[in-house]
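Structures for review follow.
In the two assemblies presented below, subunit A is common to both, partnered first by subunit B and then by subunit C.
Up next is the complex of A and B:
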């Protein structure tokens, strides 16, 4: 089931109440059963089998790694475990014609791989309890779209499960509502423009393509961060803290900074398990080694999203952005110093704009249906104004207005909550005042939400 | 660590939630009125769905977040969405009857009852004909056939107008059809079989009808309605299955309605017209309907050309934003197209009274 389905909103209170009233020692079983039901509700029978296969294989390899007598044996076992996971993922995700649905698989396979590497590097001890380990992979709030959790962060929490305290309960509920708001009020509304334009790119020119690309950058952010908020909020109700995945990514001042703010659990994963080992291996090449490691890492990042040229070029572009910064960063710093621009807010703003545009250029390849469309968009972005009436037909005036107001409201709330203790102030108010706020939020969601059967964007990865 | 979520807190939550629900319920009753649709009932004798005139005769249909689309509907004493009664004396209507059969596009909840295309036809042809509409939301071509049997028995129409919209043909398959009280087609070794999905009233449905909040969520916002896209996207009626269904349904209509003029009105691929590109598959579908119509001696009104040329001339859409049903402009265009075809339809020979098929033209 997905977070924006009716089933989820019926499922959640039932699971929460059962969890609340069950004895401590049974809570992990309850969450595991709930996770299986959640996954089975996708009605793809083999997915549960794949989850069990990945869990069993990784669990076994983890134990064998710990018992391996020599470093060479350990190394071989690590590779066997990693290759097994990659093979499972490869069969499901990369065989031609998309014969299988692989929802969630790439997320928990990455968790499994990180677990094996951490056990091999003795960062983590192997988990002896299969139930906890299975729940580490299957925990339903993060099963379909992450965050990609590290064993050291999640498993200890799963061993002492208790319902979140009142503050966690309230903040969790608000996160769920906030996530829904991002998805149905903002992302879905933005998709009303992006989807038709990107389905028929040849019918549009210049400013329409540019606008659709910019709008897509926000659509995917609100869609994915909306999902993550619901995941984090849900986990919080059960007393589990998941990793934050987003931190204002479009205020990044460089592409490297963007990756510190975008899909954080994933970018940390590729940094730790792909980039760092490669950089170590190629350290003799100095800057060239780092640059090459970055390109390879981001190509792998593109490939993780899917086996199309679009994803590969998207990853490749990010790799090139990051690799080139290895060479120009020292000169740029010197130039900023000479021009007296260090710390200037204008320079910061300029960098934010440049970074945003570089990221948007890459999004074209990520979003377009095929390489031909992507090249068309990239080469026609500045092809004049074109027929704006078609764009107005698609989106009208109300939709962008509501989207902008809603984005502004969220930004204002986020800004205010950083400066004041909004939550405490809110919960100090009498019930009727809070009720009016809840009423306002639900009315906003229902009346201005744009409801469609569109799934969350990242669920297909 | 903060204070725990106490049992008292959890027990108070439903009360708080109830207070919130009361506020929302009031809002969707009086501020943004939720849609109201008539009560369904199943006519055991005719095996068709109709509306129950004993429960509710008049109501307000709304659609959209702010109930932007608002129209009044009326149910007549025979259980059909129409402000007028269907007059029958001595088992026969006073004037020759034009029967319009279709789904929600014929019900036309979205426009006031005097602005749908049937009303325009009535205004133009009322001196000579009665125009009766038989629309049922969710009906497919298989159900139109079933409805036409009831219409023939009850009203002896001279003219039958069927309104075909996207998905009506492939939606007739038993494999995909699931509306209780409707008939669907399936293949058997002996040919096409008609199967009626048993109808059963549901307590959950009656409860949902009583709650404005639930009606708003489902009818106004199209939320959580399985298999229905709020934008009106439906599968394209193409391929071998579509051909067989059209062949079978049209042949039944021809055989069962001797002496009757039949007019097939085929909706235009409006979304494609707005995009500026009509896909080949849609052109093939309309060509298929046309050829089978001609084989059976039916007339056909294909709305595509008229809607395309009008749209490219003035950029006015034929449907609502967020609701693919025809707006008043759409209904007006449809009425005009039927009236344009009308003199030709009337002059041409009707289906011969013998059940033998006429020669394909």
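Up next is the complex of A and C:
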């Protein structure tokens, strides 16, 4: 079931109430059962089997490698466990013709791999209790699209499950509403602007393609961060704290900075488990070793999203951006010093603009239906103003206007809610006054939201 | 010169800042330019200076400069 479906908003209160009134020792079982119902609602029965298989294999390898007598035996068992996981993912996701649906699999397989490596590196002890381990992979708020949690962060919380307090309940509910707002009011509306252009790119040129690409950058951000807010908010109601995934990614001042702010749980994963080991292995090549490690890491990052040229080129571009920065960063630092630009706000603004455009160039390959379309867009971006009447006919003025107003409103609300005293003042108002605000927000969602139940973008990965 | 002083010199050289004064509690957040890309430069510089070698597992265990210092001291003794 997806977070923007009616089913979910019937399912969640029922699970929450049952959880709230359940004795402490049954809570993990309740969440586990809820997670399986949640996954089963996708109506793809074999996925439940895949989840159980990944969990059982990883659980067993974790215990075996911990008990192995020699470092060599540990290392072999680690590889056996990792390869098993990759094979399962490979069969489901990468065999041609889309024979299988793999929703959620790439997310929990990544968590399983991080668990095995952490146990091998003695960062974590293996989990002896299969129930908690299964819930670590299956916990429904993060099952379909992450965040990709580390065992050390999530498992200890699953052992002392308790509903969040009143403050957690309030902030969790606000996160859910805010995430829903991002998805159904903003991202869905932006998708209506992007989809027609990207499904017929040859009909457009110049500014129209550029605008559609910029709008896509915001669509995917609001879509994915909206999903994440609902996931984090839901988990918070159950008293569980999940990892933050986004931190104003488009205010990044470099591509490296972008990856510290975008899909953070994923970028930390590729950093720890792909990039660092490669960089370590190739350290004798110095800068070239780091650069090569970056390119390989980001190619793998592209492939994780799917086996298409578009994703591979998207990853490759990020790899090249990062690799080239390894070489020019030292000069950049000196140049800024010579030009007296250090700490200048204009330099910062310039960097944000350049980074955003580099990221958008890569998004073209991520979004386009095929390589031919992507190349068409990338080579026709600067084809002048072109004939914009088509775009104006398509977009009209109302939808972009509502999207912009909603984005502004959301930015304002999130700014205000960060001011502690304002948030407290709000909750000090009488109940009826707060209800007026809740009513306003819900009406805004219902009237301007699009509940076409279009899937979240990242559910495909 | 003790291990800590030698390590401090390496830090100053790698991160190009003569004001760095390392403490055991110090982490990457406290040093400008110490990120995952430059980390390996620091590690290689340490390995060359002290004629030691770290493996991947050891590197993951370092939480702050104190851990790094202890690991270096342990390795040069053996």
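The working rule: the second predicted complex is superposed on the first by the 454 of 461 C-alpha atoms of A that agree within 3 Å, B and C clash if a C-alpha of one lies under 4 Å from a C-alpha of the other, contacts with A are read in each partner's own complex, and residues count from 1 in each chain.
Here is the rule we go by: a contact is a pair of C-beta atoms (placed from the backbone, for glycine too) under 8 Å apart; a residue touches a chain by one contact, two chains touch by 3 or more.
The model shown is predicted, which means the values in this text are computed figures rather than measured ones.
**Student:** Which term applies to subunit B and subunit C once both are placed on subunit A by superposition, clash or fit?
**Tutor:** fit
**Student:** State whether A:393 touches subunit B only (first), subunit C only (second), both chains, or neither.
**Tutor:** Only subunit B is touched by A:393; subunit C is not.
**Student:** A:121 contacts which: subunit B (first), subunit C (second), both, neither?
**Tutor:** So A:121 only meets subunit C here.
**Student:** Considering only the touch criterion stated at the top, classify A:20 as touching first (subunit B), second (subunit C), both, or neither.
**Tutor:** first
**Student:** Have a look at where A:283 lands relative to subunit B and subunit C in the superposition and call it first, second, both or neither.
**Tutor:** In the superposed model, A:283 contacts subunit C only, not subunit B.
**Student:** Which of the two partners, first being subunit B and second being subunit C, lies in contact with A:326: first, second, both, or neither?
**Tutor:** After superposition on chain A, A:326 lies in contact with subunit C alone.
**Student:** Figure out whether A:271 sits in contact with subunit B (first) or subunit C (second), or with both, or with neither.
**Tutor:** Touch status of A:271: second partner only.
**Student:** I want to verify the contact counts: of subunit B and subunit C, which reaches more residues of subunit A?
**Tutor:** Partner touching more subunit A residues in the overlay: B.
**Student:** Once the shared chain is lined up, is A:449 touching subunit B (first), subunit C (second), both, or neither of them?
**Tutor:** first
**Student:** With both complexes overlaid on chain A, does A:431 touch subunit B (first), subunit C (second), both or neither?
**Tutor:** The answer is first: A:431 touches subunit B but not subunit C.
**Student:** Counting only touches as set out at the top, which of subunit B and subunit C does A:163 meet: first, second, both, neither?
**Tutor:** In the superposed model, A:163 contacts subunit B only, not subunit C.
**Student:** With both complexes placed on chain A, how many Å separate the closest C-alpha atoms of subunit B and subunit C?
**Tutor:** Value for subunit B versus subunit C, nearest C-alpha atoms: 27 Å.
**Student:** Give me the intersection of subunit A's contacts with subunit B and its contacts with subunit C, in residue numbers.
**Tutor:** Shared contact residues on subunit A (touching subunit B in one complex, subunit C in the other): none at all.
**Student:** For the complex, give me every residue of subunit A touching subunit C.
**Tutor:** 120-123, 256, 271-272, 275-277, 279-280, 283, 286, 289-290, 326, 333
**Student:** For subunit B, which residues count as touching subunit A in their complex?
**Tutor:** 1-6, 9-10, 16, 19-20, 23-24, 27, 32, 65-66, 216-217, 221-224, 229-231, 274-277, 315, 317, 321
**Student:** Residue numbers of subunit A touching subunit B in their complex, please.
**Tutor:** Residues 5-6, 17, 20, 163-169, 196, 200, 203, 389-390, 393, 396, 431, 435, 438-439, 442-443, 446-449, 451-453 of subunit A touch subunit B in their complex.
**Student:** Under the stated contact criterion, what part of subunit C meets subunit A in this complex?
**Tutor:** Within the complex, subunit C touches subunit A at residues 16, 35-37, 40-41, 43-44, 56-57, 59-61.
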